[in-house]
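Presented sequentially are two complexes of subunit A, the first with subunit B as partner and the second with subunit C.
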Partner chain A sequence: MLFVQLLLGGVQNGALYALTAAGFALIFGATKVFHVAHGSAFTLAGYVFLYGWTHNWNSALSSLAAVAVAVAFGIGMERLVYRPIQRHEGSFFTVFVAAFGVSIVVQNLVGVFAGRGFASIDTPLSNASEVLPELFLADVFWVAIIVALVMFVALTLFLSRTNAGVGLRALAQNPDLLRAYGLSSSRLSMLAFALGSALVAPAAILTAMTTGLNEAVGNHVMLLSMASTIVGGVGSLRGAALAGLLLGVAESVVLVFLETQWASAASFLVLFGFILFKPSGMFGAAVAR
Partner chain B sequence: MIGTKFSRRALLGSALAAPFIRGAAAQGEPYVLGSVFPQSGPNAEYGPVFTSGVQLALQHIEQDRLLQRPIRYISEDSQALPQQGVIAMTKLVNVDKAHWTFAAFTSVSKAIAPIGDRAKTVMINGGAVGPDLSGLSPYFWNVIPLAHLETRTLLPYLVGQGKKRFALVYVDDPLGDAILKELGEQLPKAGGELVGSFSIPRDAQQFGPVAARVRQVRPDAVYIASFGAQQAQIIKGLRNNGVSQQLCSYSAMNLESIRTLPEANGMTFTVQKVDYAGGDALTRRFAEDYKKAHNREPTVYNANYYNGCRLFGLLAQELEKTNTPVNGDTLRAALLRVRKFPLVGGTGEFDDAGNMMAAIEVVQWNNGSLTKLV
Partner chain C sequence: MIAYFANLATLVAIFGILAVTLNFMVGYAGIFSVAHAVFFGLGAYAGAQIALTVAPDPLLACGVAALIAGVLSLCLALPALRVRGEYFVAASLGLQMVALTLFSEVKSLTGGIGGLTNIPRPRVFGVEVGVLPLALIALGLLLWAIHAMANGSFGRTLKAIRDAESAAEALGKPVAVAKALAVAFACAGAGVAGALFALHMSFVNVESFTLDQSVLVMAMVIVGGTGTLFGPLVGAVLLLSLPSALSFLTFIPPTEVGSVQQIIYGLAMTLLMVFRPAGLLGDQNKGKSHQ
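The block that comes next holds the complex of A and B.
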């Protein structure tokens, strides 16, 4: 029963990792910007929801506010940080350092305004009960699964059935051709940041309910998002989401065989395995040089 | 004639300057006090808590005109990480020429101790509890009871309450290792048993899987040895995932984020015994002024760092009386000569290794309030 317990726990965490990883992969795939500050969107969304919750806002309103702040942050980063840099120089390193700097600023601002320390949402949703002997499940498990599924179905439909979605895919594959067709790569980049950042909000809200938040929570999210993107195959949204799920399951199920201190390491062992034996990732295409 | 004029001027000048002579001396080269506390990262909650104790002591030292020279206080950010702590301590010692420093966190304290030791700069710990912090350096002193003293108070109490089987969730660092060793040695002596120990990395945030492993060993009580945001995450992770047994820990649980965490209700832990309301005049003054400044009751961490800073004031005053230079060696000699000091919580007595003795009590969080058990 321990295996089933750990597997289900891993699926719950993996669903949240999948959302954040998909957001990162969407942004990176479409714009080729290594958005290291993606974890900050997660932190901000979580704390905004927490603010609404503690001030007795309606849950839906708090959730909308969290999504809005994450989207605004993503768009702000694209407009005010990445675009000016790319206009002048646009090297990977400059973009990386700028995004890293912003994430540190956000971390400190959250500490100043929301307090330094642990914060969480007290809700019965996260209280597990024994559904079978030795098997504990909380309602938040089902919420995480359903939210992740709904978000991915909606995203897939958007990317495949709408002009903007098709444009985003085209931007990922051939931006020059996109411009030749008269489409605005600038607007589509903004859309990629908005959508990618919006995806972290549900994960941040559910994390506030389950493991809680602190000002540095975004660092862990960012690491997992990057690992998922590499494992899933750079540029593959589906791959990043599945890899996020896989990493979540791996860091939980590994405790059947190993001591608890190896939980986090399991994710990165999976990452190393892919880098060594399948560098293109689960769904990435090998490129001949 | 010229000589007379000069004498008159000198006399007039001296007379006018007389009221300010002591003040001028007091405005001499300042004593430099520095802290190596976490001000950012997952353990940032501790930084302001520790700093507020130091700041209140500085305020009282100034109000009481304890010293002839002013004090300059420099705060450095350790992020509760040894590497950052070493950078901060190196700056305090080599650039700022600190006379006295404050340390926290076992791993950080162990990392910075050789730097302070080489520079003969006193390091005061009021927050870390790893037992091996005792005797770390002749210049490293503890104004907090270390973990072995805390566990030796807590374990007999809990075993007496019928909690025989203990599980330990501990952070993979010197503090966690020290608690693991202590529980392994002390539980059999107290009549209990360590039935499972679960090490976690410092940056771990998911504790659902750990809870599943903890449930498997069927403990009567779960001891948590961690710090900062992680300890709240562990409590929430265990409670939300079916671990309903008694939770227990050490003084790090005396933190605002734990007090307000609903899942921490019933958490039993040990702290130093300090009677803020009925104690001596110094303790009452500390408690009243702290409450006035921060609009809440002080905790032992505030008191410890207040004591650490006040100890500097008392020792430096002792040295100033005999015109002895204030440095690590003279401060240490004064500490070992005087031994007993009036501090918050009563008279603080130091042993040869620079450890302050203190009474310990077992307390419990009950709906946000601290209930004394023993």
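The block that comes next holds the complex of A and C.
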């Protein structure tokens, strides 16, 4: 039963990882920006929801505020940091360092204003009940899975059925051709950042309800999203989401054999192995060196 | 006060070693490692164990530290040979996270979270010496070596690989060997810094080898200017004096000094990249010509 319990816990975390990973993969795929500050959008959204909750806002209002802050952060990063850098030089490392700087700033600002250490909220959703002998499940488990599924269906429909969605996929494949057809790559990049950042908000809210948030949670989110994007195969949203789910499950199930502190090392070993032996990931096209 | 400045100077020299060796990888070879603290840590644990179990001889400690860090740098060289750009950064992040877990879990060698304590003062031929002169000598030697290599054929090969790997390979440059050697040299240098750090602090634990530390060293390189000889040193001096400079600003509550310091260097990294991507001492016109 312990195994099943861990497996279900892993699925719950994995569903949330899948959301953040899909956001990262969407941004990286469409704009080729390695958005290292992706975790900061998560932290900000989570803490805004926490703020709203502790100040007795309506939970729908808190959620909307969380989404709005994440989207604003994503668009702000694109406009104020990535765009100016790409205009004058565009080396990927410059982008990486700038984004890392932002994530350090966000982490410490949150620490100063919201306090350090774990903060979580208690909702009726996070009360676990025994569904089978020795198997505990909280309602939030179902919420996480349903939210993740709904978001993916919506995202897939958006990318395949609407003009803007098709434009995003075109931007990922051939930005020059896109411009030749008279579409605005700058507007589509902003859309990619807005959508990708919006995807982290539900994950952040659900994390606040389950394991809780701390000011450094963004680092973990960023590392996992990055790992999932690479393991899943760059350019494949489905791959990133599936890898996020798998890493979440692996992190949890590995506890059957190992102690807690090895859990994240295990997922980074998986990442390391993929980079060494199959850098194109599970679903990606081959990468040039 | 003198003791305070001697301590600061020693730390500057040690982090100077870290920064100039990382700069050799980043600035000359184009290998963007964010795992430099891993090799700093390997060197520190190796040096500490030598001083604790064999003899507090700094030369022996530095030698063993350099050897261990240099050999294990293969963990970094392998992904450097396989992938570039974002993928390599991701691999080095992965290495950093795995190494950190190992540092805190392999308790027999590293003492775990508690660390290794009571590391004896360094002695050369039975005479106790300070770490500051040793660190300055090591820093000077490394700077000289980097200067010599950067202007020699090895440095030119590395720069060629950095700017156009396929072209360098087509011209018959030994790409794999050159990259592996550059990584081994830089990591061995970080190992020496680690051994000196352990001897200086007489205490090491995993806290000093985290991702934050790797990023701090990277920030030193970036702030000073990648690919310049003295830029990383300037960065090391600036970033290490920041905490003491902030302690003079009395309106910041002492509990928040750490955060304010982090915010300042995070902001500095971002603003520099947006407005002055080549760093303080870097050539601002580099890289603009191809647009």
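The rule is short, and it goes like this: the second predicted complex is superposed on the first by the 282 of 289 C-alpha atoms of A that agree within 3 Å, B and C clash if a C-alpha of one lies under 4 Å from a C-alpha of the other, contacts with A are read in each partner's own complex, and residues count from 1 in each chain.
Methods note: a contact is a pair of C-beta atoms (placed from the backbone, for glycine too) under 8 Å apart; a residue touches a chain by one contact, two chains touch by 3 or more.
Because the structure is predicted, anything quoted here is derived from the model rather than measured.
Visitor: In the superposition on subunit A, see if there is space for subunit B and subunit C together, and answer fit or clash.
Guide: Taken together on subunit A, subunit C would clash with subunit B, as the superposition shows.
Visitor: Name the contact category of A:84: first (subunit B only), second (subunit C only), both, or neither.
Guide: Only subunit C; A:84 stays clear of subunit B.
Visitor: Between subunit B and subunit C, whom does A:111 touch in the aligned arrangement: first, second, both, or neither?
Guide: A:111 contacts both subunit B and subunit C.
Visitor: Touch test for A:138: subunit B only (first), subunit C only (second), both, or neither?
Guide: first
Visitor: Could you look at A:101 and tell me whether it touches subunit B, subunit C, both or neither (first, second, both, neither)?
Guide: second
Visitor: Could you say whether A:34 touches subunit B, subunit C, both of them, or neither, answering first, second, both or neither?
Guide: A:34: touches subunit C, not subunit B.
Visitor: Of the two partner chains, subunit B (first) and subunit C (second), which one does A:156 touch, if any: first, second, both, or neither?
Guide: So A:156 meets neither subunit B nor subunit C here.
Visitor: A:185 in the overlay: touching subunit B, subunit C, both, or neither? Say first, second, both or neither.
Guide: neither
Visitor: In the superposed model, where does subunit C crash into subunit B, at 21-29, 93-101, 201-209 or 273-281?
Guide: That would be 201-209, the only stretch with clashing C-alpha atoms.
Visitor: Enumerate the residues of subunit A that count as touching subunit B in its complex and touching subunit C in the other.
Guide: Looking at subunit A, the two contact sets intersect at 107-108, 111, 219, 261, 264-265.
Visitor: Across the complex, what residues on subunit A touch subunit B?
Guide: Contact set of subunit A toward subunit B: 2, 5-6, 9-10, 12-13, 107-108, 111, 115-120, 122, 126-130, 134, 136, 138, 210-212, 214-217, 219-220, 251-252, 255, 259-261, 263-265.
Visitor: In the complex of these two chains, what residues of subunit A are touching subunit C?
Guide: Its residues touching subunit C are 28, 34, 80-81, 84-85, 88-89, 91-105, 107-109, 111-112, 219, 223, 226-227, 230, 261-262, 264-265, 268-269, 271-272, 275-276, 279, 287, 289.
Visitor: Give every residue of subunit B touching subunit A within the complex, in rising order.
Guide: Counting only subunit B, the residues touching subunit A are 40-42, 44-45, 47-48, 169, 172, 198-201, 203-213, 215-216, 228-229, 232-233, 236-237, 239-242, 255-257, 261-263.
Visitor: Where on subunit C is subunit A touching in the complex?
Guide: Of all residues in subunit C, those touching subunit A are 26, 32, 78-79, 82-91, 93-95, 97-98, 101-102, 104-105, 165, 211, 215, 218-219, 222, 256, 259-260, 262-263, 265-271, 273-274, 277, 287-288, 291.
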